[in-house]
Structures are given as structure tokens and as C-alpha cells.
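Below: a set of structures, written as C-alpha cells.
Two complexes come next, and they have one chain in common, chain A, joined by chain B in the first and chain C in the second.
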Partner chain A sequence: MTTHHNAVSYWFVAPAVILMVVILVAPVFVAAVLSFTDYSLGNPGFNWVGVTNYAKLIGRSTYTKMLLASATYVIVVVPVSIGLGLGAALLINSVKRFGDVYKTIYFLPVMAALLAMAIVWEFSLHPTIGLVNKTLASGCGTWVQDLLGFGWVPWVDSDQSWFVKSCRDGFPLWFGDRTYTMGTIAFIGIWQAFGFNMVLYLAGLTSVPRELYHAAEIDGAVAGWERFRLVTWPMLGPTTVFVVTITTIRSFQVFDTVESITQGGPSKSTYVMMYAIYEKGVKQNLIGMGSAITIVFLAFVLFLTLAQRHLVERKVHYA
Partner chain B sequence: MIGQSSPFRESIKHAVLILGALIVILPFYVMTSYSMKSQNEIVTNSGGFFGIQEQFVDEYCVKLGNPRKSCMETPIIYNYVQAFKKAPLLRYLLNGVIITASIFLIQVIVALPCAYALSKLRFWGRDVVFGMVLFSLLIPVHAIALPIYIMLSKVGLTNTYASLIIPWTISVFGIFLMRQFFMTVPDDLIDAARMDGMSEFGVIWKVMLPTAIPALLAFAIFSVVAHWNDYFWPRIAITGARDLYTPPLGMRDFKGDADGSNWGPMMATATIIVTPLIVAFLLAQKRFIEGITLTGMK
Partner chain C sequence: MAGITLKNITKKFDDTEVLKGIDLDIADGEFLTLVGASGCGKSTLLRIIAGLESQSSGDVAIDDTSVNSVRASKRDLAMVFQSYALYPHLSVQQNMETPLRLRDLSFWERFPLLSAFVPGRKSKIKAINDLVAETAAILKIGHLLERKPGQLSGGQRQRVALGRAMVRRPVAFLMDEPLSNLDAALRVHMRAELAELHRSLGVTFIYVTHDQAEALTMSDRMAVMMDGEILQLDTPDRIYKNPNDRRVADFIGSPKINFFPGEFDKAGRVTSYGVALERRLNTQSSNGVIGVRPEHFQLFSDAVDNECWPFTVTHKESLGSDFFLHGHINGSQQRTVARATPEAVVDVSIGTEIFLRAAPGAAMAFGADNRRIDFLED
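Coming up: the complex of A and B.
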């Protein structure tokens, strides 16, 4: 073991410790204290308002809508982006050729600045001149309409199908109609996140011992699904715990798409927490309220990370 | 890979993967294509991927009193020139480089000595410091952006380069990663350096740093990608001071100003902002994927 080097050690850890305290720990306390006040930047002082800010969080419809928006986003994006990530990883792992090409393509959105891509998506989904709606509309009156109208399925009234209706009444305002907005924002989130999850699953798959598949086969698990259920999925347990945690935390932090496209609208349907912190705390200078949201947000993140650590320490294999 | 698949099943798999790839690529296609087309081609959705590059008259140029003849523009050139002329895009890119480079350098300067002390030196309170590192890993900086913003504005630092860099100077994850890596460096190597009369400080930069290059590279990729693309923190820290804008802020500003007639230049801006990292990624895919995922493993 190395010798003692007391004095010099403190010089080495001091900068990191000081910065940790000032930048990471102190702000948590600052937010906690300010969440009980009505502080605004520029004011000389503040009043203690007790739990008023937290009461508003529960009571006011703006904030219940905020919690609902964040929850909706997380509940949609986490399972879908993980499912697609896992699906892509399994497919890429099982094809004989071009696996690396797909991997590269699916990873591109992870590298691209989300803000820039959000704006591009907004253009692509523009109601009148966007590529998506134009392409969809060009299918009207052709075999595409017949196919997507589902009139060929027994007992389906193709006049009532989404595609035929849209051909008649116009394709959706993806960011203007509240029926679609949250879904579209979530779609962009999934588009951006699933490649990241795919790569983690691909790494997880390489660590599954091949003997296990042979063993499963000998035990009669011949079908692909059986092998997945008995070997692959349990062995991916630790990867899944990690992927779920990081995707959930990141989804809670969604901001770029909301700020640049919807600003929380229409009628607060995409008013997610990070955007609320920015709007209340920074734009409207309602620091007390912004701090209260910050604390609730931190509580969520802390809970999730601790739950993950707990699961990892128990070395879950879901079996 | 596992089990045998018939050619039919193989082609079904490829069909699904190709469909996915088309959806993933769609916005990249739109972005690069629009960045080369004229406004008219964008609105009418004509001209194919590259546009037909027919010259058009820049009405704004005519309004300024120039003869129509000297106001003829080729779409692709016009779009990319406008991207730099309409807004100080070069300045934004430079800011992006300055900020991401500074953040990474400071992170390393702060984290390496700490990681070395935590892994190779004995001192009273070491476990406490490491406990702090583990605890701080729980706190995402974005989540505490508001109190950090308040603290910075109390000391008058908002709207400065410092405000863009300071919150990221401490990377507890970097400390954690480097400590784990240093644990695997044999003590003999360090002892030998000490025998040669090297100071502890010298050991960090001349012995530990070179052994840590692969880990450091992964961390560099992680750090640079995160901060080049970050929009949330710059949005909060910079209000109005345009010469401090980072590329995403500049892009957002461009969109805010656009009156619906500047799509070509705007898509050119997006292309310019997104391209450096995409190209770097395509050139060194393995390293990038390693950097993004390994360091994502909190």
C-alpha cells in the first residue's frame, strides 16, 4: 500500500470538494429554503409563506396540469423508447448483414442537437407545407387510402377511419391540436432516445453467455420467444434497470422540444416540469414557486436513482 | 446470430429495420434538403433532394436599391451565406467551441487530482469525500439550474462566459469514473516514479494521466457532446447578450425572428450546427458509442 501523504491529499481534493459543495449541494438547500418564500430577484428581501407554494402545486389547475403533462410524457416515452431500443438491438443482433449500418443510423439522433432537430421536426410536421402531411395527403384517393382506410377488414367502416377522415377534413395540426400535441412531442422524444437505449442493450446482449442458449435449447426452449423469455430477458435485467432509470430521469428533464415548439401549450397540455421551472422561476421571476417545483423534481429524481441502486445491489435478474 | 433464420424471416427483419431507419433519417433528410432549396421549392415541395438550383431574385436585395440583375441568387449559396450573415453564426460556433473546451479542461483539472487522491493516497476523511461524490451523483445539474442561476445572478455573473461554464466545472461522474480507472493502475508504477524523485503532482500529470487516456477520451466525448448540444442551461444563463449565444441559442433566436420566409437559411444553420458532431461520430463510431454509453453508466 502507498505511504501516507496527508497534506498534499487535501490540496488534491480541495478544489473538487469546494465546487461540489458550492455548485451541487448548496443549491439544493437554497432551493429548499426559497421554496418557503415569495422571493423574487431584485427584491431586497422576502416573506416566509410557509407551504403556500407547495399547496399551490397540489391545488392549482396549472400545476396539476404540469404534473399530468410530465407524467404523460414519461409514461409514454419510457416504455416505448425502451421497447424500441430493445427490439432494434435484438433485430440488429440477429440479422446476418448490415447490422452496423442500422446501428449507426439509429444512433444519429443521439448525437444531433435536440433543439435544432426539434425545429426541423416542427417544419416537417407543418400542417400545410410540412413533408409529413404532404406525403400523407398524396396518398389520398390512391391505393394507400384503400389500404389505410382498413375498408378491407371485415366490419370496419372505412369512412370512419383516421386516414379517410383526414383525407376529407385535412391532416392534423400536430402542434396546434391538443389531441395530438403531447403525442407528437413524445414522438420526438422517442425518436431521440431509443438509439441510446439500443446501444446499451446491444452491449448487454454481448455479455449473455452463449452456453445458456444451448442449455435452454436442450431443455426444450426451441422457439425464439421461449429463448428470449428464459435466457435473454433475465440476463438483460441489470441493463434494463439502468436503462429504465436513465430514460425516466431524462424524460422528466424534457425541455428543448417544449420550449422551442409549444411553450407548454396548447392549453397547458405540454406544460412539463422543466419548462415550468424555467417559466415561473426565470421568465416570471417567481423564485419561490420555481424552487418548490425544483424540490418536487429533485425528490422524483432522487427516488428513482435510489430505487435503481437498490435494485442493482440486489442484482436483479427478474427470475 | 442465434438459431437459424430463413431468407424470408431475414428479409422481414430487414424490412422492419429499413422502415425504422427511414423514420430516423427523415428530419436529417428534410434539414439538408431544405438547406439547399429555394423558398419556393420548399413551399411547393418540388425540386427533389438537391433542388434545381435555379437562380432567383432576392427581393430584400432589390428593396435596398440594387439593380435586379445583381440580386440574382443561387439557392444553396444564398441559404448558407444568409445563415452566416443574418446572425453572427460564426461567433456562436466559436462560443460553442470556447465553452465546451473550457468545460472539459476544467473538469479534468479538478477531477484528476481528486480521483488520484481518492484511489491512491491515504488521508483522514477520504471516505467522507468519496461518500460526497456518491451522493452528488444523485443530483442532475439541470434539476438545480434555478438555484444556481439565483446564486450566479447574486454575484453578478449572469450573461458572462463564466456563467455558462461554472455549473459544469465539477463533474462528480468524471471523478467517479477516473477513480475507478486509477484503482486498476498498479502501485508499483507510482512507487517507481516517486523513487525517481517525482512529486505527487508530477505523478498525476506524468504517470496517471497518460495511463488514463482511453478513459479520458471517452469522458471527453461525453462532455463535449452534452455541452455542445445543451440548450437548457444557456437559455437560463444568457438573456439577451447575443455575442455570448451558443449554437443552439442562436438557432432558437433565428427561429424566433423568422417570418416564414427564411426556411432555407434556417435549415442551413441547423445543418451547420449539427454537422460537426455527426461527422466526428461517423469517423469514430466505436469511440463515440463507448463514450456516450460508458459514461452514461452512473
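Coming up: the complex of A and C.
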């Protein structure tokens, strides 16, 4: 068969290619170009500043903290939300009744707007009027304190335990104390993300052939964890690759909770990349700096996705 | 090695009764086939023997010991599945090792990383490897041990599934339509190989199939199942020659047996399509059917006696060694098939009218209740 290089054929693909370039490639390209300038929105022109923006990213402690905050969030949220999602999916898959009820309930946080739920959490975790601290404080001086003081465990000094100390000095400022803030934000992130992972795993579980479990039983896999190791986990490989990739990208993109509750504070402990882009590029109108962070952000996500593909997919079986 | 006994096994799914009191005695070392159309409960019965499903009532005993409360993995049976159910992420070697590792290695000996420090593990691993290599050699899959199931052909996967079942020397093999995913030529080949394997292992085989050819060619005995019951249990030869039920006669044999409506008179004489048979029936009922297998027809160009049916040929099918003549007996629209040798049909073409006669003693009679009716001995 000979190939005909006909001009008409280019006209046929042109709309698709042009749309793709304009909508998908051009914005990234523009951001890349702007990251080498000091452009501000509304200014008539801009100056080329070379790699100054990137040098700041590496040099300034603010941005080191930004990378640290994003990394912490991702490292905490991704494994925990995936583990919980898988656990919930396995449990729901094993119950004969009420599975749909559990599915709906666990999926509720995913359906709810994170911004709205952030406000609920902000109230619940308010240091003085919040439900959480009030409940905790009501346990002080009662059997709850004895229990959570862990004085009943040998070699534990109950006076040094978290609960007893908190009773003495007051319960934490969940969003004001830098020891807790990142943990609290990550907790909300996990709370929101695990339902989604659960649904993905539930879908993955339906595609595991039942005969494989029968074969495992016949082969002598008596314990549940053996069947999990022999059948479930390997067969969920493709699902896991997808879940890890999606959760990582979504965790890098965390913004709603940070913007509405902490604004990156206290002392930049929750200054995640998305919030930094918003603060620099939108609030302070430093488009050049915002673009530079965007490009770094993109590079991170791209790198992680490719690395995952490379590392995991080699070992994953696609049936 | 062991005999397996089933006593009055029933199985209900909600309100549907899938198995209606199955009694079966499988001798040690026997090749028993459960054959029947899909939905007859044969796979359910196999899974009940395996312990993958529990019976609603009745007893399963292996070697005269009841295993009703013994779970599948402890019954020491091996199973080959229709889909082979190989672990797709493991190599052939690992697939075949799995049953040995799970049984022979302790928890700590299988634990990742730490297992390397457990004393005595090395010799066990070596024993496992030897067994796998030995089994692989028997099945001629030694060169495939490093491959994953996804890189194997259907026939190779089938062998690996067999190997995984064989490797730990179980007391009996259960096979759930193991050949149905293979192409026709390979199926015929594997039939012979499985039968040989059974002979050399001397272990009990329980084989489920919907393919009557597999049942007829391989088994020592076969149980024809329908609607949750065993209609007939006997050697393939006797089941083919002497079906005790119309449904058995209908299911076993290819092309299918021909059934003609029959009227029985008081003396037991049978008339079908205007032809009265010589022999008389031992029955009081007034109607039923006459069954004649395609190969039991004799062809004549003229009516030689009163037992000949006039027959119009509508289709002639050549199998090389044999011919199948399709057509209908004059006065009926029912398709009838007769087998003939190539020499006998030289002059027969489509539209030709010939005469068919059932070979002496070959016709079978069945009552309205599907039961076989015997002819009276003269």
C-alpha cells in the first residue's frame, strides 16, 4: 500500500490539532514563558528576568516550606486514604447486607463540596466552642482520663500522656498550633479522599474472577490474608496504579481546605503549592512567580506519574 | 487415593432445587464423568464434592469418612477449572509451587524476607522444586516454567492447570469442563492424553462435561444428569446401547437418535408412521416413541418387507468415511437422519425416495413417561 501525502488530509486533522494546541498545550507553554518574566496582570509590558523566579524557589525559605508542606500532605494522605479505601472496599465486599448503605455513607464526603465541609470542620475543631475540644474536655477528671492517660499500661507515666497534659494545659488549637495544623488538614483530606478510593477498589474487586478464589481455597490458602496475598492484591494491581496516581495528583492539588481555614499558616506550615500559586499569582499579582511555581508543580506531578508508571506497571499484570 | 461416596445430596438455591437427592458411589481409581446439558446441576455437584459449596442436605464421604464439615482446602482434592484459574501474576513455576508452598511450608517459612532465616526451609524448597520439575516433565511443560500464563496458549495453560493439580498428589482429581476452552483438534488430542494420565496415575477422576463425546471416550463410568437427577449411571458402552430413559438416549449420541411417535396396541405391537414392528412390547400403555439411532437404519431402494419406511432425502452430508442422509419419512415433516456407507449412497441424490428399516433388534421404545419399555423375548 502506498501512502498518499494529500494536502486535503491535513485539512481534515487540522481542527483537532489546532484545538488541542490552543486548549491543552498553549496554556502550559504560556505559563512556561511567563515564569521567566516579572509580568503582572494589567501592566503594559514585562521584563525578562531569566531564571530569577526559579532561583527564588530554590533559595527562599518560604518556598522550601512550601515544598515541605506539599510533600508532607502527599506522603500522609496518599497511603492512608488508599489503605482505608481498600479496607472499606474489602469489608463492604464481604458483607451480604447493607453494602449499599455503607457505600453511600462512605461516599458522602466525596460528593459534598470540600469548601462547605471545610467550614463544618473549622467549627467542629474550633479551640473553644468546637465540638471536638468540648467533648474531649468533658472527659477530663473522669474514667476517660484514666483510660486515655494510659496509666494502666505498665511503665507509662500517665502525667506525661497527651490526654492528661491537654487536660492540664488545654486542648490543642487544631488550626492555630503548627504542631497540629498539617495533621488536621491531612485528616480532612483523608476523610474526603478515602470514599473515592473505596469506590474505585470496589469496582476493581468486581473484576476479580471468583474461580481464582476457589483455586486458592483448593490449593490450601486457608487464612484470609493468604487469599488476599495470592489473589486479591495482585488482581487489584491495575486498580492500585490508577488509585495511587489519581490520589497523588489530587493531593498535590489540595487547596480548598487550606484557603478557607488556614491560609497557609501558621508560619507557613500548610503553605501548599496550590495555595502558593494562588497567593502569588492571584492575590499579589506576581504572575511570573506564580507561573514558575505552576511549572514546578506540573513537573512534580508529571515526574511522579511517570515514575509510578515505570515502577509499578512493570510488576502489574493486566489480564 | 480414595473412593468417594455421595448420599442423598440435595441443593437448593432459594426456592429452586438444583440437586434432587443424588446418590453416587465412586470407586477408588475410577474415571467417572458427570455429563449433562448446561444447568443440570453437574458443576454444582462437583463443587459440593470439592467443598466449595455446601449441600442443603446429604453426605459426602471420602474413603468412608464424612467430610461434610471439612473445608475445601482440607479435603486433599485437586481441581482443574474450566477457565484454568491460573494466578496471572505468577510464573508457571510459581503457579505449580503454590499448592505445595501453602501446605508444606509453615507461616514463617512463607513470610516475606524473614523466611530466609528459618532453619530447614532450604531443603523443603528444594523438595518443592524437584516435585514441580518432575511434574512439568511428565506434562512436557518444562520449557515453559519461567513464563506467565498470559504468554501461554490455551493448551499450554490447560497443562499448567493440570500440573498445579497433579503436583501435590491429591486423593482425587475434580475437573470442571477442562477441555471446553480448547479448539476442536486439541480437545480430541487432550482427551486421549487425559485418559492416559488417569491410567498412569491410578487416581480417582471426577470429570464434568456437557460434551457427550468426552464422556463416552474417557470414562470408566458415566452419570447422565438432567434437572438435578442422575438419569442413568453405567459404562459409556451400556449407556449408548441401552439407555433406560428417553432423555438419556436423546442426549447421548451424535447425530442424535431419531424418535418416531408410536402407537401400542393391546398385544404390545408398535405402529409408527404406518409401519408395524415385528417384536412386541411389554407394556399396557397405548402410545410412546420409537427411537432408532442413525447408524441402525438399513437402506433399501425397494420395500423389502413390511417394516420399511418410505424416506425422501433432502440433504446428503459427507464425512468422508460415512454419509449422513437427512430427510423425512413420507407422511411426516420430522427431520430424520440415517448413517450410511459411501458405497450405499452412490445412487442416492437429493429428492430420491428410498426405504429405511431399523436393523433387527436395534429399535428402542420409550413410554410417555420417558421410561424405556422392553420388548418381549420371543
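Quick note on the criterion: the second predicted complex is superposed on the first by the 283 of 319 C-alpha atoms of A that agree within 3 Å, B and C clash if a C-alpha of one lies under 4 Å from a C-alpha of the other, contacts with A are read in each partner's own complex, and residues count from 1 in each chain.
Please note the rule applied: contacts are C-beta pairs under 8 Å (C-beta built on N, C-alpha and C of every residue); 3 or more make two chains touch, one makes a residue touch a chain.
Since the model is a prediction, treat every value here as computed from it, not as a measurement.
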| item | value |
| --- | --- |
| Which of chain B and chain C A:89 touches, first, second, both or neither | neither |
| Touching partner for A:66 - first (chain B), second (chain C), both, neither | neither |
| Partner chain(s) touched by A:258 [first = chain B, second = chain C, both, neither] | neither |
| Chain B versus chain C as contact partner of A:173, first or second or both or neither | neither |
| When both partners are placed on the shared chain, which of chain B and chain C touches more of chain A | B |
| Which superposed partner A:230 touches (first chain B, second chain C, both, neither) | second |
| Which of chain B and chain C A:78 touches, first, second, both or neither | neither |
| Sites on chain B touched by chain A in the complex | 1-3, 5, 10, 13-14, 16-17, 20-21, 23-28, 30-31, 34, 42-43, 45, 109-111, 113-114, 116-118, 120-124, 126, 129, 132-133, 136-151, 153, 166-167, 169-170, 172, 175, 187, 190-191, 200-201, 204, 225, 228-229, 231-232, 235-236, 247-248, 251-252, 255, 263, 266-267, 269-270, 273-274, 277-278, 281-282, 285, 288-289, 292-293, 296-298 |
| Footprint of chain A on chain C - complex, ascending | 47, 50-52, 71-74, 77-79, 81-83, 85-90, 98-99, 102-103, 148, 150, 164 |
| Sites on chain A touched by chain C in the complex | 209, 211-212, 214-215, 217-222, 226, 230-231, 234-235, 237, 316-317, 319 |
| Footprint of chain B on chain A - complex, ascending | 1-6, 8-13, 15-17, 19-20, 23-28, 30-31, 34, 41, 84, 88, 91-96, 98, 102, 104-117, 119-121, 123-124, 129, 131-132, 134, 191, 195-196, 199-200, 203, 210, 213, 224, 227, 242, 246, 249, 253, 255-256, 259-260, 274, 277-278, 281-282, 287, 290-291, 294, 297-298, 301-302, 305-306 |
